[in-house]
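The structures considered in this document are given below.
You will see two complexes here that share chain A, one where it goes with chain B and one where it goes with chain C.
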Partner chain A sequence: MTEVRAEMVANVWKVVTAEGEEVSDGATLVILESMKMEIPVLAEEPGTVTKLAVAEGDLVQEGDLIAIIE
Partner chain B sequence: MTVIAGSTSAGTDQKSTNRGSNGTALRPPAAAQGPHISRDPEVRLEALFDPGSVRLLTPHDKSGAVAATGTIDGMTAVAFASDPRVQGGALGSEGCAAIVTAYDEALAQGAPVIGLWHSGGARLREGAESLHAVGTVFAAMTRASGKVPQISVVLGAAAGGAAYGPALTDIVILSDHARIFVTGPDVVRSVTGEDVDMARLGGPEPHSRRSGVVHLVAATDADALSQARRLALLLGEQGTVDVDLVARQEGAELDQLLPESVRRAYDVHPLLAGLLDAPGIELHPRWAPNVVTMLGRLAGRAVGVVANNPLRLGGCLDATSAEKAARFVRMCDAFGVPLVVVVDVPGYLPGVGQEWDGVVRRGAKLLHAFAEATVPRVTLITRKAYGGAYIAMNSRALGATRVFAWPGAEVAVMGAVAAVRILHRRTLADVPPDQLQEAEARLAGEHERESGGLERARALGVIDEVIEPSTTREAIARAIAAAPRVRGHHGNIPL
Partner chain C sequence: MLDTAGPGSAVLESVLVANRGEIARRVIATARRMGIRAIAVYSEADAGLPFVREADEAVLIGPPPPARSYLDAGAILRAARDTGARAVHPGYGFLSENAGFARLVSDAGLTWVGPPPSAIDQMGDKISARNLMAAAGVPVAPGTTEPVRDAGEAAAAAAIIGYPVMVKAAAGGGGIGMSAAAGPGQLAAAFETARSRAERFFGSPAILLERYVTPARHVEVQILGRPGGRLLALGERDCSVQRRHQKVAEETPSPGVSPGLRARMMDAAVRAGEAVGYQGAGTVEFLVDARTGDFTFLEMNTRLQVEHPVTEMVTGIDLVEQQLRIAAGEDVSFDPDEVLVQGHAIELRVYAEDPNRFLPSPGTITAWTEPAGEGIRVDAGYEAGNQVTPFYDPLLAKLCVWGPDRDEALRRARDAVASFRITGLKTNLPFHADLLDSEEYSDGGYDTLVVSRLRS
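Up next, the complex of A and B:
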């Protein structure tokens, strides 16, 4: 199980994946918007997205949970 | 000084030790079975050097360490190894004298020195004498700092003084099963009550991600030694620029590795792989990954690459990444390794945490490191360079040898829209919301024409030349070749 967490304060600009979806290593899960940059958040290992903790428009703080991959 | 890890790394090895001073005695082949190479320091040294090239500088006895010279792909190098079979590799006056002998030899030869560490620290039994001896090792390392490359390979537990030894050197490689800590889990538990095992306290995970103590983690001992050989060759046999190797080639357009949207973040690694002759060795890959520090070759010559990685933190500089890059820049400068600085940076990371973390103090280290560096250092701005981070990333003002930019790159105090929101705050406040975006875009266009843009940067001389991605390798190689081959004269304090 891997917890994917936000590296920095950001707005959730786009949610690319969905709960239950199979993702490969390096797949984009969500795209954050911060410092006027669109920053993809990637899966660091292949697996299934068992939890997606954010929705588009959410504000995430550094360390906030974005998704769980198992 | 604490002697820890006794339960795992100490213990007497009952097998007979080969004590020949010329390394010719029979011993098992150096080739590792599984992740571990033998605990015998002489076998470890043989695995490090070219076959048959090892010559011992100190007797292989019960001193706790042995020094040797040998060759790495034919290049002379010096090494020493602690002996975990004697008192857990703990160091007393004789073992420390062997390490100092290795340093004297390395300085005399101007050769890289590689330490193979597996030691509990200072010998308890020798008391203050061993503390003094370990101190002489630290002093020898510091004397050699910036003069000859120092690489540490940690192949077992390295505690106390044996942790600070590697920490004083330029590059630390940790074998996957090895551990580094000042005080082990037992002492930690008794003093702070924290329950932690050796791996979580001082294994690859904490040191590669959190502490920055370790530059590289290797899956096996053999892999760790082979990384040390590659790094020693990059720093010790740097080669010369051969422009023929990079003349207009292969049609692989580097800018195709950038996303179409200028706002979109991307991983800078493929771009760096395309810039170098072959994939380089990244140092500190998982610590402060928003800046990439990498040794590799360009046109056959060793170079150090410092690059923003937009995929992490948007490529912002922050306190930790500035410090990481500063140490790398100073190391390269000390050993005469030219720098290639690949810039795509939105600024310094804002935040209370950053300010309290000392982004001002630690960010200043990068300014100092670049401004002080005398090696050829070439900057390439791929997309954007904003604000204080623009200055810090080897700008003209800090003394860059050449500053190149790709077409469409932007140099500014901040993004144009953000700038006009500040400069034209009052005007924009009166604009109806439905026309705001249009007004901002119009003002941003004006602002860019007046204060930003490549033309202005070129007119000012802060960018020397706008170059095409296809000629980038050649342009950088020529700029390095044209600059005097010099190096900085300073130590490499572990910033």
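Up next, the complex of A and C:
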């Protein structure tokens, strides 16, 4: 199981994946936006997205959970 | 270093500054010095910033997202009406190059501190601007003269233009919506990237293709359109130090521009401004081919430029003062035939970002100590205790350094970077230290890829 967390304070611009989806290593899960820059959040291993903790428009803090991959 | 306007020089009773951070603060400073009442507008995220406190009046216009505050024309015009503002200064970014907003300001009976809306429109669309410049005799790179609609059209156009090509959002700016293709294999992806950003950030899918000049220097010319249609050019700024097509450091004079090239670029910039009946402060950007020394038109920014302080430092001219005077129908405060460029100036943009990957680093500033000394000017948007939020661009401050020559300016810049202390978040100050120490930058022979070489 891997917990994917936000690296910085950001807005959730786009949610690319969904709960239950199979993702490959390096797949884009969500795209954050901070300071006019898009920051893709990637899966670090292949697996199933068992939890998606954010929705488009959310503000995440550094360290906040974005998704769990199992 | 700036000239000072004496009492009674107020050309406008008041000005509302439709912007935030360092540029709002900088415009407010000149307005107040000229005896003009300065009105700030701010979002809920910015209530604690210095520009709000330093204005004569400040109006909360909305929540943090730009669309609901600094891009909300209605909220800004209501603030202008409620405070009795007589003019609107847009700064840079946000609504500064929005011709519709400029017209709304004028229609409300207020003075727009900027060029005629028609000039903003003509230069805002990069395709029409390129065509207009070519007709005016300003050199343009080979490129498309009409919007490119799909990847197939893009491939056909690129084959004629020749690789490498740059794919750009016609309505774009600020380095966003640009993607380069080195060869046919990269074109479809570059086209899709540019088009999705074009729609998302600029609300227009129009795309143009242009020959990508590399290696190149990015050099721009400051112009001022005076009442009565006379234009003057105030020298160039070298903006080749960029990451993600966004500027990080600028200097004037450019170490890559000879006197002959400078004269030709200034002449072309004046022709560019004349072609659109330009008034006020504007900047004509060019790419200079580092191998041949030829230059081509890139775009015109119809507003005050972020890096305007370096021009102010070598000329002693306050560009915001000229903007306010011209907007009020007055001539510039100096004799255009007696402009003397003295010494060398460098601007380093201090961003809230990590100094290696350049990723955003919002946070709370726990300590902030600015460098001081001869030739040092800091245009800062923040101070200790402020929160830097993810809603706006990462510019914290502009560290500007003047010296009697480039070597002395570099020496002072190195000292200033070393003594600028910002804690609580990551900044790119360590990058600036590396830049100033690098042989490529110190020699002056750098081009637009210098940052990628320093960080590869």
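Definition applied: the second predicted complex is superposed on the first by the 70 of 70 C-alpha atoms of A that agree within 3 Å, B and C clash if a C-alpha of one lies under 4 Å from a C-alpha of the other, contacts with A are read in each partner's own complex, and residues count from 1 in each chain.
The rule is short, and it goes like this: a residue touches a chain if its C-beta (ideal position, glycine included) is under 8 Å from a C-beta of that chain, and two chains touch if they have at least 3 such contacts.
From a predicted model like this one, the values you see are computed outputs, not experimental measurements.
Participant: Touch test for A:Pro40: chain B only (first), chain C only (second), both, or neither?
Facilitator: Only chain B; A:Pro40 stays clear of chain C.
Participant: Check the residue A:Met8 against both partner chains and state whether it touches chain B (first), chain C (second), both, or neither.
Facilitator: In the superposed model, A:Met8 contacts both chain B and chain C.
Participant: Can you pull the chain A residues that chain B and chain C both touch?
Facilitator: 7-9, 34-37, 39
Participant: Considering only the defined contacts, which chain B positions touch chain A in the complex?
Facilitator: 261, 263-265, 310-316, 346-347, 349, 351, 353, 415, 417-418
Participant: Using the touch definition from the top, list the residues of chain C that touch chain A in their complex.
Facilitator: It is residues 176, 244, 352-353, 359-363, 389-394 of chain C that touch chain A.
Participant: Which residues of chain A touch chain B in their complex?
Facilitator: For chain A paired with chain B, touching residues are 7-9, 34-40, 42, 62.
Participant: Spell out the part of chain A that touches chain C in their complex, as residue ranges.
Facilitator: 7-11, 33-37, 39, 59
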